[in-house]
Amino acid sequence: APSTAMDAGKPGPATGLEPQTLSVYAAASLTGAFDELALLLEDENPGVDVQVTYDGSSTLATQIAAGAPADVFASADQKNLQPLADDGLTGPATRFAGNTLRIAVAPGNPLKIENLADLARPGVITVLCAAQVPCGAASATLLANAGVTLTPASEEQNVTAVVTKIAGGEADAGLVYTTDVAANPGRVEGVTPAGADAVVGHYPIAVVEGSAHAEAAQAFVDLVLSPAGQAVLAAHGFLAP
Amino acid sequence: MIPRLLYLPASIGLTLLVLPLAGLLLKVDWPALPALLLSPEALQPLGLSLATASVSTVLCLLLGVPLAVVIARSKPRVAGLLRALVTVPLVLPPLVGGIALLSLLGRGGVLGNSLELVGLRIPFTTAAVVIAQTFVALPFLVIAVEGALRTAGIRYERVAATLGAGRGTVFARITLPLVGPGLLAGTVLSFARALGEFGATALFAGNQAGVTRTMPLAIYTAFNGSGVTTDQAVALSLLLIAVAVIILVLVGTRRASVLS
Amino acid sequence: MTPALWKSAAKALLEANLQLTRGSFSLDLRLTLARGEVLALLGPNGSGKSTVLDLLAGLAIPSRGIVALDGAVLTAPGRFVAPEKRAIGLLGQEPLLFPHLTARANVAFALRVGEARLNAAAARAAADRWLDRVGLNGLGGSVPGALSGGQQQRVALARALAAGPRVLLLDEPMAALDAETAPFMRQLIREQLADTGTSAIIVTHDIVDAVVLADRVAVLHDGALIDEGTTAAVLAAPRNPFVAALAGVNLVVGTVQKGAIVAPDGRTFSVRPADAADLDATGPAAAVFRPASVVVQTEQPRHASPRNVWSARVTGIEPGSGGVRLRTSGDPEIIAELTPAAVADLGLQLGSPVWLSVKATEVSAYRR
Amino acid sequence: MIPRLLYLPASIGLTLLVLPLAGLLLKVDWPALPALLLSPEALQPLGLSLATASVSTVLCLLLGVPLAVVIARSKPRVAGLLRALVTVPLVLPPLVGGIALLSLLGRGGVLGNSLELVGLRIPFTTAAVVIAQTFVALPFLVIAVEGALRTAGIRYERVAATLGAGRGTVFARITLPLVGPGLLAGTVLSFARALGEFGATALFAGNQAGVTRTMPLAIYTAFNGSGVTTDQAVALSLLLIAVAVIILVLVGTRRASVLS
Amino acid sequence: MTPALWKSAAKALLEANLQLTRGSFSLDLRLTLARGEVLALLGPNGSGKSTVLDLLAGLAIPSRGIVALDGAVLTAPGRFVAPEKRAIGLLGQEPLLFPHLTARANVAFALRVGEARLNAAAARAAADRWLDRVGLNGLGGSVPGALSGGQQQRVALARALAAGPRVLLLDEPMAALDAETAPFMRQLIREQLADTGTSAIIVTHDIVDAVVLADRVAVLHDGALIDEGTTAAVLAAPRNPFVAALAGVNLVVGTVQKGAIVAPDGRTFSVRPADAADLDATGPAAAVFRPASVVVQTEQPRHASPRNVWSARVTGIEPGSGGVRLRTSGDPEIIAELTPAAVADLGLQLGSPVWLSVKATEVSAYRR
């Protein structure tokens, strides 16, 4: 795991695990936070190597269903984890974080976009996540709540693509997670639209059934849920579950 | 005339290619299939895919055949270099092709800026889909046609010239018909590749229903939506495969009849 | 072959000076072709005949040298006129019919892009007439793959002639033709070249082609010309074993009179009945017979079948490939080939008076 | 012998293929490049990519050449059908190939269950990478070689048979050398395709450093990493392209010298 | 051609009964070939000669029919032995040298996979000897693309002979060869077939090939055999215009005595000095001369060059392609070709006594 500076305060509960390699499958939006959490667990348990695989939640869910050697699965939405839990492929799912939406714009907000209605302004190129992915579902709810209808230039397959388009100048604005704005300083700037905090996306986590490292997996889940873990998540812009 | 020993690896090869597709069939939710396949969510991307892939294939022919001729008739060294350049896009992971196209034709891109000045915006348009598909499919056409041209050689072209035929006439009446099978193979390959193109399209053209959401993008979107039960994605994939097989078999047998 | 034609080669239609090296083979020769002249290019396998034709047609570029047609330079250092702009046609050693076109379409192609520039319908109709002329009536719809070797060669010949170039280069045009057809095709080529005034170079291994078609003969060996001159001169006095092997004929160029051929010195040659039928009108013609056919006697023959009998004097006795070659007086001089035993028996010496006789059935005749 | 008119579209075609790659160069953070390219994050995936793509290419040759021979020497109708089947994987969007392979060889898959019983697990291993690459690259080899075989015809094989040569000898000493250029082209194409393979690998093999993270997956990971630093992705792409161009040019000029 | 050989055809080595339809062309014939026999297959372009060879070699399958070699069925309904298992070699109408192999490697290939099954080194050495025999010494390292048409044909011939099959099918093996080389290649084929006891079918448009190489001649026309028999019989009495056009030679099969050939009836034929040199030993040989060369007189010729003079009676007078054909008594009968005028002049009738003379230089000789 990369050596990102940690700003977490206290370490979590010490467990003293055997040396082993733990495989964590995590939604792509968790990248920065889970890199740090992996490091935390490794520090506490010398000899334990935490390998985090990031990808879209549905990709990871499909792979776990097909027998991927994952020990922990952290999804960006309930929809991708619940069926696995229902089929007994994972243990029970626990919510460990929440995320809200922000309007992402180019640094300095050249088009002066201040609210959701501005996204529908003629001449503004807006991109959203596809309604099928978690951030897209949240975006739809947020826009509906605000009574704004708009046709996005594109419905991207994931948040990263939305951020890329705005950072690259292809699009003027889009709805992304708060955490994405935090992870891309200098590339995009966040604007908080009215009613944003009312729409929260929830992240569940579970230990994969039949994991050869069940004890370490549980320790990682515990770490994520612990105050220390929550502090790391908060530092990356996540809300409490 | 086929050494008997070859049949074993040949059938393993065919199995490797066909069995996974058969595996897909097992995943299909058959009762729900007809309704799904007739829904606009399925038909609109299919129509867009067929339309864009057709246009891309025509573009590939218009640009690729001349390029293939130039390579095939160049000196060995030059040809080797050109062939390598043409092959590179094949190596590009899907994403990188998208990044490359954006860096060229996107808003901050080298050409994109100039185009913006004359009021042209390419990303997020159907034109972007066509460009992305052409970019990835063109190498197939060029390499197939170049190979055919090289094997056909220039003997018949020389004969035509001694009869008094100008270069244009020779090209249209001798060269093109002679490489007919190779040309058809290249066309089929590039159409297939354009039809399946996902990566560069997703990044460069985006994903807007009716404008840039081709079948592969629709499949990906469906996959992201349905999570573990890949039903809808599988159903759409089957539709794409079925259409492709029909087209390929139609062209293939027409081609066979041309050859025989 | 007439003096007039041979002289006009000075103001040649086609002039070439060619040097080329390919591996261990090297070519170096000068060649001219007069307006309307037909040159037979002879030589053993690998002597460079096909290479010369390629260089003239613009299908190969010489290391050094020049090709000029009617004063216009086609090939020279720094200059190269494309084959299709040369008006020089080439029938290569292989038929190379366009495999995707029918026999008819192959010939029609030449009629559309060549001198005639016919439209599609006219070209098709004319192509069918051409196929008829080469004896392939009814095979116009066949693709080359469904034609026999000889049939393909005939289509290729029709195609080359139909293109109507100013200079036609024919590389072994009679190869693969059956014995019955060959004379007809030879006649077809002769008439077509004469009617259109086309100059031509014909590569052949068959001396009959040279005799019937050519005014002049050039012999190539190892990339160099080793013999050149009118057909009669080269054949009468072969300067190397290769020419001797294929030559060795008496050639009498004269005029037709009452179904026979009259030589410059007035001697009359009766010819094969089959050929005599062709000699209905007057005009130039050639009689050809082999020195071995000439019977030599010291007494006047009587009650004998030979129709051609003359007295002459022995002007030369020399060894030849097939025995002893006896030269005899007259214009042209007639050569007789005898066994040494016969020469001894008859006591022949320089100046001996002899009676020569040749059966008419041994004399072929060709209109020129 | 090239009609002059063709040069314009040929250069447009070449530009379309090459310019986007040039566009990538503009995106490179040159000062940071050397360190990045020499880091284990770059070299490990590169090594894995080259190794797996090489193995896949060998597999493609072993399975694909026999398959190409069978297709080329089949009756027109059968050949048309087989050719269509072989072409289908080209149409598959990257994801679908992965789904298909998982549904066949994954847990619960038709073959996957049986393999599990004998203790073999293929998905998420390096073997899975090779299988995914072979699956997507095989069609290229088959189609290129089949075309070459068809153009070469059977005239020389027939001559060899009348001289007394058995089928194996004819295949090894006549057929294969005759289609040498086509074989080399097919090999290059399938190697390139294997090197660039992303979609099926990502789903079927996963993305584990040192085991299944090939270059395209590393690029994807870098692209998706915290902070949209496309820099690293671009740098890795450049590395991949550079390696590919070197290999292609080396093979291309060798091929040229074989041909001339 | 000896009676013994012709009879043994009853217990034929190769037997074929072939029917095939291709478009408007259809083939239907029976063919046998005795052990050690050489058959010349003649016929106009498109008559089906190459098709027959393909059917025998297993490169084509007849619609109906059978091919059997030495009693083993090779082709029959429901049975087909692959070409490489037939021990029937085929030199096709085109040389088709393997383009990726040098001339040496092309021949060596045949030596490795054919009858000889030599190892690589031995095959290379033997291939070089073969190239030497076809006059291509020093060209072993050339690829086919760097060889002239005639050179390619010679390599293909060497390759076909080197394979050493039990039956060899040669499709126009002399096409593209130069005039000086052709006799040597003909001799090479003759010796090789004789030395190895190989049976052969030779397709040719040149009557000399049939005379020199073949025991028997079969004439194909439009897919059917229209004439068949010993070479002498077919040539002496051509049954259709096609054979007549290429035949018309007197063929005397006899034995060598003092450099001349003695016919069955005891008449002695002096031959061309060049050929006489070859007749140093005794043994079977053939003398060939054209009917047109035979001088007919009603008085005994005196003081004349012809070395061969006999008296005979006229046994037949019939019209021929080249004039009037006069059959005369003797074994074999000698045919003379005269103009109608000569026949009238000499007052020839059936039974007339005549003196025949033929110059030795007109008589070719071939060892058999």
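Note that the chains take the letters A, B, C, D and E in the order they are written out, and that residue 1 is the start of every chain.
Definition applied: a residue touches a chain if its C-beta (ideal position, glycine included) is under 8 Å from a C-beta of that chain, and two chains touch if they have at least 3 such contacts.
No experiment lies behind these values; they were computed from the predicted model shown.
Peer 1: When B-C is set beside A-B, which has more C-beta pairs in contact?
Peer 2: Answer to which pair has more contacts is A-B.
Peer 1: Go ahead and note the Å separation of the Cα centroids belonging to chain A and chain C.
Peer 2: It comes to 91 Å between the two C-alpha centres.
Peer 1: If you average the Cα atoms of chain B and of chain D to get two centres, how far apart are those centres in Å?
Peer 2: That pair's centroid distance is 15 Å.
Peer 1: Averaging only over C-alpha atoms, locate the centres of chain A and chain D and give their separation in whole Å.
Peer 2: It comes to 34 Å between the two C-alpha centres.
Peer 1: Using mean C-alpha positions as chain centres, tell me how far chain C is from chain D in Å, no decimals.
Peer 2: The computed centroid separation for chain C versus chain D comes out at 59 Å.
Peer 1: Out of chain B, which residues touch more than one other chain, so two or more?
Peer 2: If we look for residues of chain B contacting two or more partner chains, we find 158, 161, 167, 170, 220, 223, 230.
Peer 1: Considering chain C alone, which of its residues make contact with at least two other chains?
Peer 2: Not one residue of chain C touches more than one other chain, so the list is empty.
Peer 1: Would you please write down the residue numbers of chain A that are in contact with two or more other chains?
Peer 2: Within chain A, the residues that touch at least two other chains are 62, 65, 158, 164, 168.
Peer 1: Chain pairs in touch?
Peer 2: Every pair of chains in contact is listed here: A-B, A-D, B-C, B-D, C-E, D-E.
Peer 1: With touch defined as at the start, can you tell me which chain C residues reach chain B in the complex?
Peer 2: 57-59, 82-84, 87-90, 92, 96, 98-100, 109-110, 113-115, 159-160, 163, 165
Peer 1: Contact residues on chain A for chain B in the complex?
Peer 2: 56-58, 61-62, 65, 79-80, 83-84, 125, 127, 130-133, 151-158, 161, 164-165, 168-171
Peer 1: Spell out the part of chain D that touches chain B in their complex, as residue ranges.
Peer 2: Contact set of chain D toward chain B: 1-10, 12-14, 16-24, 26-27, 62-67, 69-70, 73, 76-77, 79-97, 99-101, 103-104, 109-111, 131, 134-135, 138-139, 142-144, 147-148, 150-152, 154, 157-158, 161, 167-168, 170-171, 181-182, 185, 188-189, 192-193, 195-199, 215-216, 219-220, 223, 230, 233-234, 237, 240-241, 244-245, 248-249, 252-253, 255-257, 259-260.
Peer 1: Give every residue of chain E touching chain C within the complex, in rising order.
Peer 2: Within the complex, chain E contacts chain C at residues 22-24, 43-47, 49-50, 93-94, 138, 142, 146-151, 153-154, 172, 175-182, 205-207, 241-242, 245-246, 270, 272-274, 291-293, 295-299, 301-307, 321-323, 336-342, 345-346, 357, 359-362.
Peer 1: Mind listing the chain B positions that touch chain C in their complex?
Peer 2: Against chain C, the touching part of chain B is residues 155-156, 158-167, 169-170, 173-174, 177-178, 180.
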